[in-house]
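Letters A, B, C and D mark the chains in the order given here, with residues in each chain numbered from 1 onward.
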Amino acid sequence: MYSFKNDYSEGAHPRLLNALVETNFEQVEGYGEDGFTQKAVELLKQRIGRSDIDIHLLSGGTQTNLTAISAFLRPHEAVISANTGHILVHETGAIEATGHKIISIEVDDGKLNYMHIKSALDSHTDEHMVKPKLVYISNPTEIGSIYYKDELEQISRFCKDNNLYLFMDGARLGSALCSEENTLELSDLGKLVDAFYIGGTKNGALVGEALVICSDPLKEDFRFYMKQKGALLAKGRLLGIQFIELFKDNLYFDLAKHANKMAGLLRDEISNAGFRFLVHSPSNQIFPILPDRLITELEKNYSFHVWSKVDADNSAIRLVTSWATKEEAVSSFIADMKNEILTL
Amino acid sequence: MYSFKNDYSEGAHPRLLNALVETNFEQVEGYGEDGFTQKAVELLKQRIGRSDIDIHLLSGGTQTNLTAISAFLRPHEAVISANTGHILVHETGAIEATGHKIISIEVDDGKLNYMHIKSALDSHTDEHMVKPKLVYISNPTEIGSIYYKDELEQISRFCKDNNLYLFMDGARLGSALCSEENTLELSDLGKLVDAFYIGGTKNGALVGEALVICSDPLKEDFRFYMKQKGALLAKGRLLGIQFIELFKDNLYFDLAKHANKMAGLLRDEISNAGFRFLVHSPSNQIFPILPDRLITELEKNYSFHVWSKVDADNSAIRLVTSWATKEEAVSSFIADMKNEILTL
Amino acid sequence: MYSFKNDYSEGAHPRLLNALVETNFEQVEGYGEDGFTQKAVELLKQRIGRSDIDIHLLSGGTQTNLTAISAFLRPHEAVISANTGHILVHETGAIEATGHKIISIEVDDGKLNYMHIKSALDSHTDEHMVKPKLVYISNPTEIGSIYYKDELEQISRFCKDNNLYLFMDGARLGSALCSEENTLELSDLGKLVDAFYIGGTKNGALVGEALVICSDPLKEDFRFYMKQKGALLAKGRLLGIQFIELFKDNLYFDLAKHANKMAGLLRDEISNAGFRFLVHSPSNQIFPILPDRLITELEKNYSFHVWSKVDADNSAIRLVTSWATKEEAVSSFIADMKNEILTL
Amino acid sequence: MYSFKNDYSEGAHPRLLNALVETNFEQVEGYGEDGFTQKAVELLKQRIGRSDIDIHLLSGGTQTNLTAISAFLRPHEAVISANTGHILVHETGAIEATGHKIISIEVDDGKLNYMHIKSALDSHTDEHMVKPKLVYISNPTEIGSIYYKDELEQISRFCKDNNLYLFMDGARLGSALCSEENTLELSDLGKLVDAFYIGGTKNGALVGEALVICSDPLKEDFRFYMKQKGALLAKGRLLGIQFIELFKDNLYFDLAKHANKMAGLLRDEISNAGFRFLVHSPSNQIFPILPDRLITELEKNYSFHVWSKVDADNSAIRLVTSWATKEEAVSSFIADMKNEILTL
């Protein structure tokens, strides 16, 4: 049984583990005030191309989202999110638990555009309603689509013009930035969004997300929020050491490229076999629509999510690849699929 | 420069790192539903001697405290804590941020007794005041003292009689249970408290606390709270693997014994040198009162916290030992101290 | 200029003011522990036909909704509401500010049915999502429609079967219960819902809503929540005296009947004039669709909300009547409308 | 039985009720956007002597405290309060329920001075602790003492120098400002504090507190917070009409003077009879220390709170007078006391 269920099925890239082992007995300060964390932050600032940004290392996506968003907003301010937004449905009301409403916008492809955001502003007009203040987007989205530079520029301009914060959930940011279709660079993000995070957990780290705060008003006292939300690890070194390893050369991007390449192999062969996809997703998650009988056969040797029923006989499945996905497993999946097709 | 500042200055015990390396490519389920976590939970249940308890692995102390306490209480219910309680002063209002007041009780030695708790009940009598509902104690306390079995039994009985939950913060539980003065066992905790946690981060793990929920009414839906508070790691294996390693034999206790032994060496020699202590602390934190001039000299080669001014010429310092403390460093500290005394 | 904007444009029914004046110098206990409040509660219990219910008097609808719902739910539990629900859009995120998500269900007529509720349950399946726990319905709804007895029985049964609380917002309950189409009685509510409130502010009181808690598990410590949310008036008598006056005879229902009668006059004549309505609303709010040119003319002498654009030339307006609406004003509105039609 | 238990035992001053009756059928806008509220605000601005302040009318003290304080603070910021502060003990954790810690300072006389505030700053030094940001004082305090102008100036200066907000709870502000010892005027408050409120409920209104926001950064979007906390009454006229009546001439101050005069009569005679007081309280609450046997006798005809045991045979009681206190009742109390003394 080989798993394509997600990109966090394995541990960490061996280089990260090695770095943990090698540095293990160095005595350092706690709570992210260690030299490892400082070095990781410096490396990230260089990559992003700005020294006037704040970077904090946290443990996971939900933790990062709730800590950042609740820090950025005043009590009556709300978040605008696509209906597929991770914070909207898959974080157990974490944002609402900090007191803030999420305004949901129906979209087909997981992506917000400025007209969506405008519609939320237009329908929230006085003090009897929440005040929309922060736009939450994920890149790649929760269904694998990505934002292109012109799209992000348009959203960014609209947000600035309307005094909104733009926040990007980058749990799988590596995969978006390394997509063949991608037109964005890390340095663009530093200019276009107010805050974003660079996901480590789903791209080779045991645990770790790097939150980048670009806008000055959002920086103040951020470590207070981290501590208050339980997000300040005593052994912050665990995060710092891993991010050094990911960003001291191109490892982070190499890992994402591998994940994308594996998804690409699957996408191409499934497409060649005549199947369609639920959504155009040029990143490490793909959603092919397959006959239910084929799915049943594939489930014997591979684990993956059956995403949604499409019609009486077909369903969309989700296949996720990662830095750790073995090319042999992909080849084997493709071969098995082709064999099964013949017998259907 | 050798640090006695805390017990989280180094990484993890090498056996834990090895276990992470060895299991690294096994594909497992995410979010704590992996086999490693399940095995760790089983090992802990055996140690505690109860199968009818729930155990969850979280990342750190503040996270565990806020997730558990906010899950256990209804909105108008409050926590009773000693004025030294970690949640009261050193967690940036994490408990209040979840909506709950902490009622502070002045104590000298970091420990609550049932009369303290009774005083809080007696002064909260109607709906214009919060309703005290959960008693928070730390073992060892934040200043190194420990609870003895008869004390804990008395508190436990009072809590049961008064419909209060008893919660033990065990960030350094290993050190308490392995203290030479200790009269409690893990199995006692399973009977005497409603919930407690077994701290890993400060006893050899990179990260990780095992929350044990003993009382049925507190168990329901706990994983919802973990997710909502950002405490459900995608790679839960990170916690499970480490706790297996700590508890598959006596490693957890061996590490705590070492820390205590190192503290004992310091305690004995400092005492022999004629110095007093701020508080009786038979665990891995000690608080000797030293001449300021001696402290200044020691700070040249050792880092530690200067805890409080005691009089014009003397201050209490805090020395913390751990699983990683080197006996040579302790010997060296003692020798340096003795030398300096001669020159004062 | 006569206002049909809402049902809280005037003060209170004169009998209520008289009662306040007559009792003004009686010294009574504060915070709702006065004899007036107790008598009001007794009168309400008799009307509802149950003595084993708890009744609390609060100041306004948003206050009642947020105090009750946050008291009833544990942190991870969510509310299910129609997309027109007052709590969802017109209370500035008051429910989310207490930590709870509202799951919105799209409906046409303001009303939930059990299939809607089932869809919310079916899409919230594990601890990564909130747990739907309370169903919020308004009777009449925010757009004037009402629940019929069989509908409410079906919802009630579904909620019981699925361990959900059913909460009815009765800000305009009088108007629903006195609608010509109504098939529910106050005593039915006492059996079919877990909690509901009887709105005073929009039916003749200066201020005041009577929250009725029918289910035992929701009753405990409720006054603590009221105090904590700022909902316990020092001079609780203000609420008690008014509710005595409303319920010591049929005043509450007489006032609602008057409001409905006035709405009925408007509805009939507007219908006779050939206009349609946005929604079927047999209570004191009606939503006729009128030509924009006619609306412009009517706005010269009457104030009301223009609710929504219907097509290029027509809009829906909202007309609200109340206990204080003068029949002459209604007649005058109708006459003006008819005159204007001739000139269009 | 005559009650000296509190200053909210009766309804409202008759002039306020008359005003409600006379304006009853004027149709006005809801939610505080009515002309009455606007006029009340104008009158208050004139009294305070500043036009560049924002004033909002709310229902009660707890509601005002929680709405204002939670609006003013960011999530990690805390309140500094005397240990007698109403928000600390008698509001059921209302402030904590909005997420903020209250740092308690032990004082003897209910009053904070700048050294107290400094001590809180000095002990909160980094991101592991909350950040003290708002100083909460009550004038008069919860035990009847008052702030003098030089004291308030000193606190105000310290707060400005240390970037702290100064908030004054004025639930009984009239009594403080009309105390014979008072050296403050309303116009001083407009300059010295960032926000304060003028209590109506305890000085002749049925319900109502006027929150005055003096500092610009605290003004923005305040009506959003009011709505979110359930503090925006649909019939805002109820508050506006009463405050017009209280401030269109000197009624507010006349009522407070009467209350103080009645307290003065009691204070003088009790003092003349040889009894001491728990605290120096030159406002409408006094705390004489009486023999328990005398207290028992007085309780037969008068109700009041027994505040605290002082020694084996004596207790402090609390006597509260108000705008409605009858001079005959005071005389009668004094006569009864004197008679009883003879028989002790």
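Worth a mention:
Throughout what follows, a residue touches a chain if its C-beta (ideal position, glycine included) is under 8 Å from a C-beta of that chain, and two chains touch if they have at least 3 such contacts.
In this text, all values refer to a predicted model and were calculated from it rather than measured experimentally.
The chains in contact with chain C as well as with chain D are A, B.
Set side by side, the interfaces B-C and A-B show unequal numbers of C-beta pairs in contact, with more at A-B. One inter-chain figure worth recording: chain B and chain D are separated by 43 Å, centre to centre, where each centre is the mean of the chain's CA atoms.
For the pair chain B and chain C, the distance between C-alpha centroids works out to 51 Å. Centre to centre, using the average C-alpha position, chain A and chain B are separated by 34 Å. In chain C, 75-76, 91-93, 97-99, 127-128, 130, 224, 227-228, 232 are the positions where the chain touches two or more neighbouring chains simultaneously.
Taken together, the chain B residues at the contact with chain D in this complex read 75-76, 78, 89-93, 96-102, 104, 127-130.
Listing the residues of chain C that touch chain D in their complex gives 2-3, 5-6, 8-12, 14, 17, 20-21, 23-30, 59-67, 91-94, 97, 201-202, 206-207, 224, 227-235, 237-238, 324.
For chain A in complex with chain D, the touching residues are 31, 70-71, 74-76, 98-99, 127-128, 130-131, 221, 223-228, 232.
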